[in-house]
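Two complexes, one shared chain (chain A), two partners (chain B, chain C).
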Partner chain A sequence: MTTYQYLIDYFSELPILIKLIGGLIVISVILIVGLTIYLKGIRRYQRNKKEEILKFKSEYEVLLIEYLYAEDHEAIKEEQNSFCEWVNKLELQPAISEEKTEEKAITPVQQAIISKLEKEVLIKSKRKIIISILYKLMDEVSGEMSVAIKELYCKTGLVNYALSRVEDKDWSIKAKSIGELSRFEIKEAHYEIVKSIAHPRKEVRKEAHLYLVNLFRFDGLYFLNELKTPLSEWDQIQILEILQKFEDQQICDIKPWLKSTNDTVVLFALKLAQIYNQYEINDTLIDLLSHNNKTVRIYAIEVLTHLYGLEAKDMLKANFNELSLEEQLGFFTMLEKLVIPSDEPFIEKHLFHKDFEIQLLALKILKSINIDKYIGLNNLPGDEKSEAMLKLENTF
Partner chain B sequence: MNKCKIVLAEDNSTLSLLLKFRLEREGHELLMAKDGKMAIELIESHNPDLILTDIMMPFISGLEVISHVRNKLENQVPIIVFSSAGQEEMVLKAFSLGANDFMGKPFSPNELVIRVNRLLVQNRQPQV
Partner chain C sequence: MDTSTVNIILDIIHYLFFAFAFCVISSYVVLSIISAKETIEYRKKNSFVNYKDILSSTMSPTITIIAPAYNESLNIVENVRSLLSNHYVNYDVVIVNDGSKDDSLEKLIAAFDLEKIDYVINEKIKTQPLRKGVYKSKNPAFEKLMIVDKENGGKADALNLGLNISKSKYVACIDVDCLLLEDALQKMIKPFLEETETKVIATGGVIRIANSCVIKGGKLIEVNLPKNLLVQAQILEYLRTFLLGRMAWSRLNGLLVISGAFGIFDKKIAIEVGGYDTQTVGEDMEIIVRMRRYMEEKGEKYKVSYIPDPLCWTEAPSSYKIFISQRNRWTRGTIETLKKHRKIGFNYKYGIFGLISYPYWLIFERLAPIIEVIGIIYFVVLIILKQVRWEYALSFLLLSYLFSILFSIVALYSEELTFHQYKKKGTGIKLVLLSALEPIILHPVILYSAIRGNIDYYFNKNKKWGEMVRTGLGNSES
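Entry: the complex of A and B
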């Protein structure tokens, strides 16, 4: 007690500044100790949570595997036989036989697993774990197994949670749930998801577009009819990738999209025309050569080249001087593929074009249709030769 | 078919479990590795009849596992590799390192069982 009194007296006699510093030190120490304890608590909580997740994960993984391999055909057969005997006894065969056919796909073990999971999915954290397991496995397996996973997703009621989240005001939740429904191929969500094809957030729109294409293939592309928002290059690539996965490559009519007021839709339709060799739409492609957007015009030339659009050649040749440099280059690339001997004067006229690449292409084309004239160019005096001729001097 | 020892190197625990269950039902003994490092340890200590390995794994990749088996251990045990879409170059590398077969993800476990059994039978037949 005397010691404490001595310390208190000693402290009260100290100058005010020392007292302040002492007080600060004490507060800091208390804070540091408090925060350390708090951090330790958080770490322990996180560790426990992680362990819990791992525990649930391994538990659900086992359940999932059991579910997927529970189709013990012998057991089903036995069950059906005993069921039929029981039905015969009751003389209610026709009515219950139908019921039996509907029920036979699920074994008692599978039903028990479904019932257990139905209860578990009520808890958000557990629901997340179950979905992540199903998601991961869907990426790894195909065939009957993936069909069974989709069935389990529906039967455990997980689909209802995703459907309810499609209506969520938060765009990230909405986009995620559309992605989930697309992954598990839930066609029933179609009417809800269609509402999101013109959503203000591009992430939601993208998921809605991918959903439609993933589930309804070429028919799902109908969203392009009314699309006013831009379809990014990345979205286009993703849609094309999905379309190419399908066995049935019978494409629908793409003409309306080529006439769209949305330039990105036109560009996407051009990609479709090129990939799916749409020879019958050459007339619509020719109309695009006078489109307001230069990118569309250049790409239309490229697609026409791919589709052997000879009709476009004369039109472009006549308007050559009005074309932009990129279009002129595109046209020469077209000529490289579709050249005929009567094009020779036109080629000769552009041997000295201001653009080096066009000069090169003109020389290359001339070589393919009139090799003598091409060799003759080598005799020209050095100062009369074009840049491309000088570059190719040694190859004559 | 007699019981065969198979090393399965796959970092996706659910897929590992699924394949373990399926292959054990076929009568094989499965040794599971969650990464390439563990796979090499299992291969060295158990001398398996077949190896199933994913290409992308933590620590040591599937390609390194194949290279270790073929070049360092000089073991001609059949190897099947799994690869995801877009890893075609990796698959070619795997074949050049000495893999016997490959399966692109997503794959059918039933198809994998057929391939495993076929390779095991081929490996048992005396070389002419």
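Entry: the complex of A and C
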């Protein structure tokens, strides 16, 4: 007791700064001890959770696979799933409509599994596990199996949770639920999701765009007509990948998008033109050669090269000196593919272009149209040769 | 000088040290808070991203992995195999054999069925000449691979040759002995593709320590905590640096360094600024500072991005000798870069870059070891003069020690709640104990290395890279 009293007295006599530091030391020690215990708790919780997830995963995986393979030819066929009703209600024809109408009836085994899962999805953690398994299965199966998974997603009530989250104020929950509804092709959410096309968060916008394309194929691209916000490269690639997965590759009219005031929409339309070989829009592409945005102009040259846009060649050749270096390089790449013997004077003129890549391309093109002249360049004195000629000396 | 004047001077010195310590601690607290915000945001943003489309898309941008190699014969074949196993579609690998004196090239020729090809290199950046030339594989399975054999010119020179030879829009500059996870490229390329208003000029990744991890066939199978105390301490240090420090700087768009072990660059900008500086040992930091400076001077909106996912694993030095050599080099690199670009410092024209990032690096990275050593010397003088007020000295010492432990524990929390790589039972408590030991076993060595770095910078100008011996990933038992 005396020692304790001594310590109290000692502390009270200390300068204020030391008292303050003493207080901070005590707080730090408490925090360190507390956080260490908490960290241990977190680690234990995570380990247990992981084990639990693994256990549930294997259990549900078996259950879901059993569901997918459960067949009973005596099953009652009167039950129609909710998908068909949604399909009939909608104006747009979803990508899944045809496969849905041929859906099989549910067997008693499947019904039992649905009933079990209906109870399980009430618990958030289990719901997450079931959704993750369904995602995984969706990646692994196709055709009837994937239809069955979508059906299961609806029948277990999982769809309702996703639909309720579409209007969530937290953008990440909203985006995640749109992604989920897109993955399971839930057309019912269409009108709600359309509102998110111009959402302030790009992540939500992107999920909404992907949803539309995933469900309505090229028709879903209508959002591009009014799109004011930029469409990132990342979004463009994802949309293109989704479009290319569909069997029906009948593309819609992309001309309005090539004339869009949104440059990212124009760039996306150029990609569509390239992938889907839109030869009939060459005139519109030529107009893009005088677009304000340099990236658009460069990409237009690339697409015209791909589409054998001979009309563009003369135009670019006439304005060659006004073009930026990147455009000039793009044009020479075009010439490499579309060169004709009458282009030889133009090529010769640019054998000594200031840019090495263009020099190299000019030499390559010359070699393809007039091999004798190309070999003759070897006789030029060293100081009259271009940098590319000197580098290529050994290959003449 | 009378006693009162001496006392006033001593008081001023005390307050200066106190102010410095207060600023250091405050900056760490602020950075931790910012990094927590950024980490939460990053996790939210990436919790529902589908990377598969970008993987398979032929429209995804091209990336060249440039990996300089010097005397890497021991593991070169395995390392190249690992680089070739990435899941991204549009990428190629350029291994620049930087005048190796061992049989690296012969091993590569044999393992990948290489043949010499005629290849015209556009020398946009001046480099050392080719030695034996350019090689490609006859086997279509290795069509993504290109080996360039050149005269020795150092890592920066080898990377510059890679920049010259690359036909891609983006280049991933990595250390050949690093282990890249299969999904590394698609995660690292994402910031370049998703930004529409701002130009992303470079993306840096987290570097994790692979010593004692189980690696098979170029793949990371199991993450373990090494037995070697020095390596363990570095793990803690890396967690603090990458999960707390760089994450926060990324949020502020003030990153000054992307680790030379793994970073992706916009090739056009990297070439426009003249590539890597061959005259510095801190070429990884220098190129980022130069690229940022270039963009600031052009007046273009830009960003240096950062991905906290554990995508790149490397071997950390397991001996004090190698460790000191490495940190010595890092110190010299920092001094060289900050000196070269001193125009930026405290210059409002460079915005956050000039007013926050540069001053922070100058004061808390460049000058901190010097101030610390001055503090220690001053303390010793006070002891000799019997001027130490021990209750103050011990209280401050204890508080700063506890703060360093606390800061490390916060980094461990960040790791646990995000990437949770050290899953094994008992590892958590080991890392907490390590937090208490690290200021004693690692910090003095870092301080010593930094001071040696300063001395070498000013008095030993010929010193370049220093020794870096590796045992190879998967072979290390540290």
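Basically, the second predicted complex is superposed on the first by the 268 of 396 C-alpha atoms of A that agree within 3 Å, B and C clash if a C-alpha of one lies under 4 Å from a C-alpha of the other, contacts with A are read in each partner's own complex, and residues count from 1 in each chain.
Assume contacts are C-beta pairs under 8 Å (C-beta built on N, C-alpha and C of every residue); 3 or more make two chains touch, one makes a residue touch a chain.
Since the model is a prediction, treat every value here as computed from it, not as a measurement.
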Touching partner for A:136 - first (chain B), second (chain C), both, neither: first
Partner chain(s) touched by A:200 [first = chain B, second = chain C, both, neither]: neither
Touching partner for A:345 - first (chain B), second (chain C), both, neither: neither
Partner chain in contact with A:381 - chain B first, chain C second, else both or neither: neither
Partner, of chain C and chain B, that touches more residues belonging to chain A: C
Overlap of chain C and chain B interfaces on chain A (superposed complexes): 139
Residues of chain C that touch chain A when the two form their complex: 44-45, 47-48, 50, 52-54, 56-57, 59-61, 118, 120-122, 124, 190, 192-197, 391-392, 395-396, 398-399, 402-403, 405-406, 409-410, 412-413, 416-417, 420, 423, 425, 428-429, 432
Chain A residues touching chain C - in the complex, by the definition given at the top: 14-15, 17-18, 21-22, 24-25, 28-29, 31-32, 35-36, 39-40, 42-43, 46-47, 50, 139, 172, 175-176, 179, 202-203, 207, 230-238, 240-242, 264, 271, 275, 356-357, 360, 388, 391-392, 394-395
In the complex, chain B residues that touch chain A: 12-15, 17-18, 21-22, 25, 84, 105-111
Complex interface listing, chain A residues touching chain B: 57-58, 61-62, 64-65, 68-69, 133, 136-146
